[in-house]
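The data blocks that follow each hold one structure.
What follows is a pair of complexes built around chain A, which joins chain B in one and chain C in the other.
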Partner chain A sequence: MKFRGKMTDIICMKQFANIIVTIAKLSKLCVVRLTKDFMYFIIVEENVTVGKPMVWSVLEQTHFFNEYNMAGVSEEQNEIYLEFETDVMARSLSSLRVSHGARSVKMKLTNKKSPCLTFEIQLSELSHSRFCVHDIPVTVIPRREWIMLQEPQVTNYNVSIQLPGLKLLRTIAERMKALSSYIVLLANREGTLILKVETPEATVSTHFKNLTVEDSGGDEENDEFFSARVDIKKFVQFLMSEQVNPNKVLCKIVDDKMVAMFLVHEDIVLHYFLPVVAV
Partner chain B sequence: MKCVIPGPNVKVLARAIHALCRIGDELYVEPEPAKLSFRAVSASKSAYASFSFSESFFSYYNYEQTKSQEEDVTCKVSMKSCVAVFRSPTHLDKQVEACQIRLEPDGVKLIFEFHCHHGIIKTHYLPIIECETLEAVYSKDMVPNRLVVQPKLLTFAVMNFQANTLELTLVVTPQKMQLRNYAEDENEMKKTVRTELCLEPGEFDHYSIGVDTSVTFCLREFRALLLFAEAVNLPVAASFETGGRPIVFVVKNAPTFESNFVFATLMPMANNQLNTSQQSYETVPHTSRAKTGTSTKNCDTAHTACKRILSPIHATENSIHTPAAVSGPSRRCNSSKEHGSQSMTENVSELLPRLRMQEDCVQDNGNTRDAENTAGEDAVPGTPPLPAAKKARYIFSRCFEATFNSQMLPGYDEVLAEDSDDESNKRT
Partner chain C sequence: MSVLSQHDDVEDFLFEAYIDSVKHILTLLKAVNFKDNATCFATNKGLKVTVEDSKCVQASSFIQREMFQHYKLNDVQVTFKVNISILVECLNIFGGSATALKVCYQGYGFPLRMLLEEGGVITDCSIKTSESEEILDFNFSAANVLNKIILRSECLKEVFAELDSSSDLIEILLSPDPPYFRITTAGTAGDTKIDIPKNSGMIETFQCTTLATSRYRLSHVKPSAKSLAVSQKVSIRTDDRGLLCFQYMIPADNHTCFIEYCCTPIADIDDYDE
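Up next, the complex of A and B:
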């Protein structure tokens, strides 16, 4: 098992660190899956989506890395799965996020008494350059557990709507969080999205109109609303992920089953799945 | 004692108080004829900081000592209340024109009087806890290793470490300085992130290393020092010997003020198996090859283990001497307790869930227990439940009794009725 990659582009390093920070906000533990062409960050939270990943993000290797070498266990199973603690990784990469922080980063899988992901960061402070080495302990995930980390199947969504700015949504959702622990997302194929919280005393809802709807596919009634009631904490957590600066964010609803949020960026795709919580 | 601090300098004092508040819980204020000192020591007495402001720092300084008094007027106030006085040091100089500090010879209060803009006068009275002095005994002149560095560089370096890093190790050679986080043992090492950073002598204002060494000290207090140094934008001078001897940091703006930070350092490990990322990387092949000599190695590690236990105490004693506080042995007990208490709390937190689980089990069985009528004593509402172990001991009390042995009964040997048929006689 071997892995080694090198990033030199400042924008890419910053983006990479931002992804890690985003992931750190979503979960304490994360699995990184390394393949020849892609790097995946997968979050499985047992009590949220049973046996399926909650977050599935894909990074195109060639965009981020100038050098990239990896070798899995065997030719057929040329993959590596590593589990790491997100907050320590985010902290270690903090120097990538400041301007003039780093010149290059080497990322490699090492064995220093325990398996580690080693980041060798070449810091650029004024004229001097120096190296900072972080050894982050990781757990290598055995092959029998890989099955748990397979890409979730995209089922037939009832509606797929483009979300307005995440910042705007966040301010609203955070206010709503104070009222209830669940939020109802409603969307129809005419481009209306409603965020709603219900309490015995009041029902608060925010309406967004004329949003872009993707492949409204068919001649069914367009003003029919599809709804999903989800954990508001998880929803707000997701809205924090604006750091990645996505081109667009899609919200797909399977009526009364689940919500999937797709963060789309040229070289990054982040999928976030939330199951519906029954009343 | 009475003194007046001009507006711009109030900010410096505020920064100093904020740095001291990260060191200890109590602030010692000590006026002297030509200077005013503020001091603090950490609870474990492993870190000490002292700020001395000379007369030129003040616009007015009067150390009036009554003749009747032999001793200096000194006092100790709570750090919390003092920090409250100097809240938000960044905005302070915008509001405050001057600050007056008064300490009456027989007073019970230390008085801070802020003369703000628009003629507003804010007065803070801090109750004096005790009149005692704090004095650390250390030397910073006869040491082989000296560095002078801009705080920005160190802040930049320390920024790379995890927020929860407790100790920092400096490894110095004349060629370079390595900073790394310190891991207590191999197990901890496997769990924590190891960070290592290299600095070159060229980046320091002054760099002279007489003895190659490594020193380990607390990062928390070091961060306090850096915060102050960066706020006043003054270089940090470090002087130290080896591990186990105190390291002294000086930030001064001669002749107006000088601050000294003294930190205890850990005793160095005998074998240099420590931590390191780059280094271990290089040495891994060596160690695997040299595995034959394990017996000597084991003995070596045992040796270091015992050394480590001793080290904090040793370092404390060397670094800090508080004449007015407590006598030697109790101080020692103090510091070792502090060290021990950490592991204690860890143990406790480990135990807690298990204990609770046991309790739950017992509570589940509550009905049967009632049926067995054992509950007479613990049925009182509102009383804390018996510790789980005690309950178990009560329920299974028979299990803890010695095995029944008939021979132990009194009168075992006594024959009340003879055997009717004497078999033993027949056999003979």
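Up next, the complex of A and C:
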């Protein structure tokens, strides 16, 4: 197995670091799947059924890397799956998020007593170059476990609605977090989204109207609401992904089963799945 | 004006009000939110929100009727108990100060309804209320006031910041003679005395008739710091029973709002268990 990539574009390096930081907020552990054309970040929740990752994120390597070479476990299966600790990687890449923080970064699969993803960051210095090397220990995931990390099946969502600004949603959700551990998300095909918390002491709901609905199939007159009750901490954690500066974020609901958030940006897609919490 | 300002007179309510920004109400409520439960009184003059602790401390925020763009009461006085911490979280839901509020209370057994709006987004809140219980009546009247001073808040803020938190008690001395105004604490490292002379530029009014010293639990006085932090001026009054009463003046655009904070003294040195 081999992997070696190099980034030299400041914006690419910054965005890559932002993605890692966002993922670090969602989970302590993550799997990176390297293929010839794509880099996937996959987070699987422990108690969830097989084939249902919590986070599924894909980026096209050509959007980020100037140089990219890999050789997978075999010719037929030209892929590498590595598990790593997200906060370790996020901290190593912090210099990439600062203006003029780095000139280039090399990312390599190495063996330093045990397998590592090594980042060699060439720091921006006026007169001479300095390198900073970070070795992030990784666990190589064997082929027999790859089945648990497959792309989630396309589900029939009841409604797919475009979220308003994540920053505003986060402000509201943080306040609601002080009132309850769970939040109910409701949406209809007319373009109304409601965030609601309900406790014996109080019921608080925020209403957003005239949002864009995807694939309504001419059903705009249908004001029936579809809803799901999810863990509010996880919802708030996802909202921190405004760092990635998405073009749009879609909220897809399967009534009483699941909420999926699809974050879309030119360079990356990030799918976040929140299962329903039983009452 | 927000869409919320269009009010519906058809509903059967006891109290209804609308204000185009919750900024000052939030300041006034956060300042007295040192306990979860508050009793609200709505009268012709405005709203009073009272929070008590251990039957020794009572703080009230006054939000006068003139602050509201619309204020309607269908009874002489409407009273109810509500969780003020939840109330504050709701008022702060959009995080900004450009939030408009419509509040409505239908009466005993009904929740407090609030509609908050900012940028076209509406948050609907329904907070459980309960029957108000008797609140303390300290009977602090002007007739019994022994000593009174009015000073600039920044001065007292500095004093409070320097209070020795290892001290259980705080002693307040007011007198027409030196040291005039003295605050003493007794902590693990020793006694700390802070004197403010009557001719200090910070003191605007000094009306002390008798030398009087009283002690209070520091833990009872400390929560007043929240009100002090947002105020411009504060008056300190003590009466013949040693009851301490702070009155804070808080600027709010064209109005001045008040918060009152009263605290009972430690009855007798011998009664206090060290």
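We adopt the following convention: the second predicted complex is superposed on the first by the 271 of 279 C-alpha atoms of A that agree within 3 Å, B and C clash if a C-alpha of one lies under 4 Å from a C-alpha of the other, contacts with A are read in each partner's own complex, and residues count from 1 in each chain.
Simple rule for what comes next: contacts are C-beta pairs under 8 Å (C-beta built on N, C-alpha and C of every residue); 3 or more make two chains touch, one makes a residue touch a chain.
Since the structure is predicted, the reported quantities are computational estimates derived from the model, not experimental observations.
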Side-by-side fit of chain B and chain C on chain A, or clash: fit
Dominant toucher of chain A (residue count), chain B or chain C: B
Touching partner for A:Lys112 - first (chain B), second (chain C), both, neither: first
Touching partner for A:Phe131 - first (chain B), second (chain C), both, neither: first
Partner chain(s) touched by A:Asn69 [first = chain B, second = chain C, both, neither]: neither
Partner chain(s) touched by A:Ser95 [first = chain B, second = chain C, both, neither]: first
First (chain B), second (chain C), both or neither touched by A:Leu168: second
Inter-chain angle, chain B to chain C through the CA centre of chain A, in degrees rounded to a multiple of 10: 70
Lowest inter-chain C-alpha distance for chain C and chain B in the superposed arrangement, angstrom: 5
Chain C-facing residues of chain A, complex: 164, 168, 171-172, 175-176, 178-179, 200-209
Residues on chain B engaged by chain A in the complex (per definition of touch): 153, 156, 159-160, 162-163, 186, 189-200, 202-203, 277-278, 280-281, 284
Complex contact set, residues of chain C against chain A: 83, 86, 89-90, 92-95, 111, 119-128
Residues of chain A touching chain B in the complex: 88, 91-92, 94-95, 110-114, 116, 118, 121, 123, 125, 128, 130-137
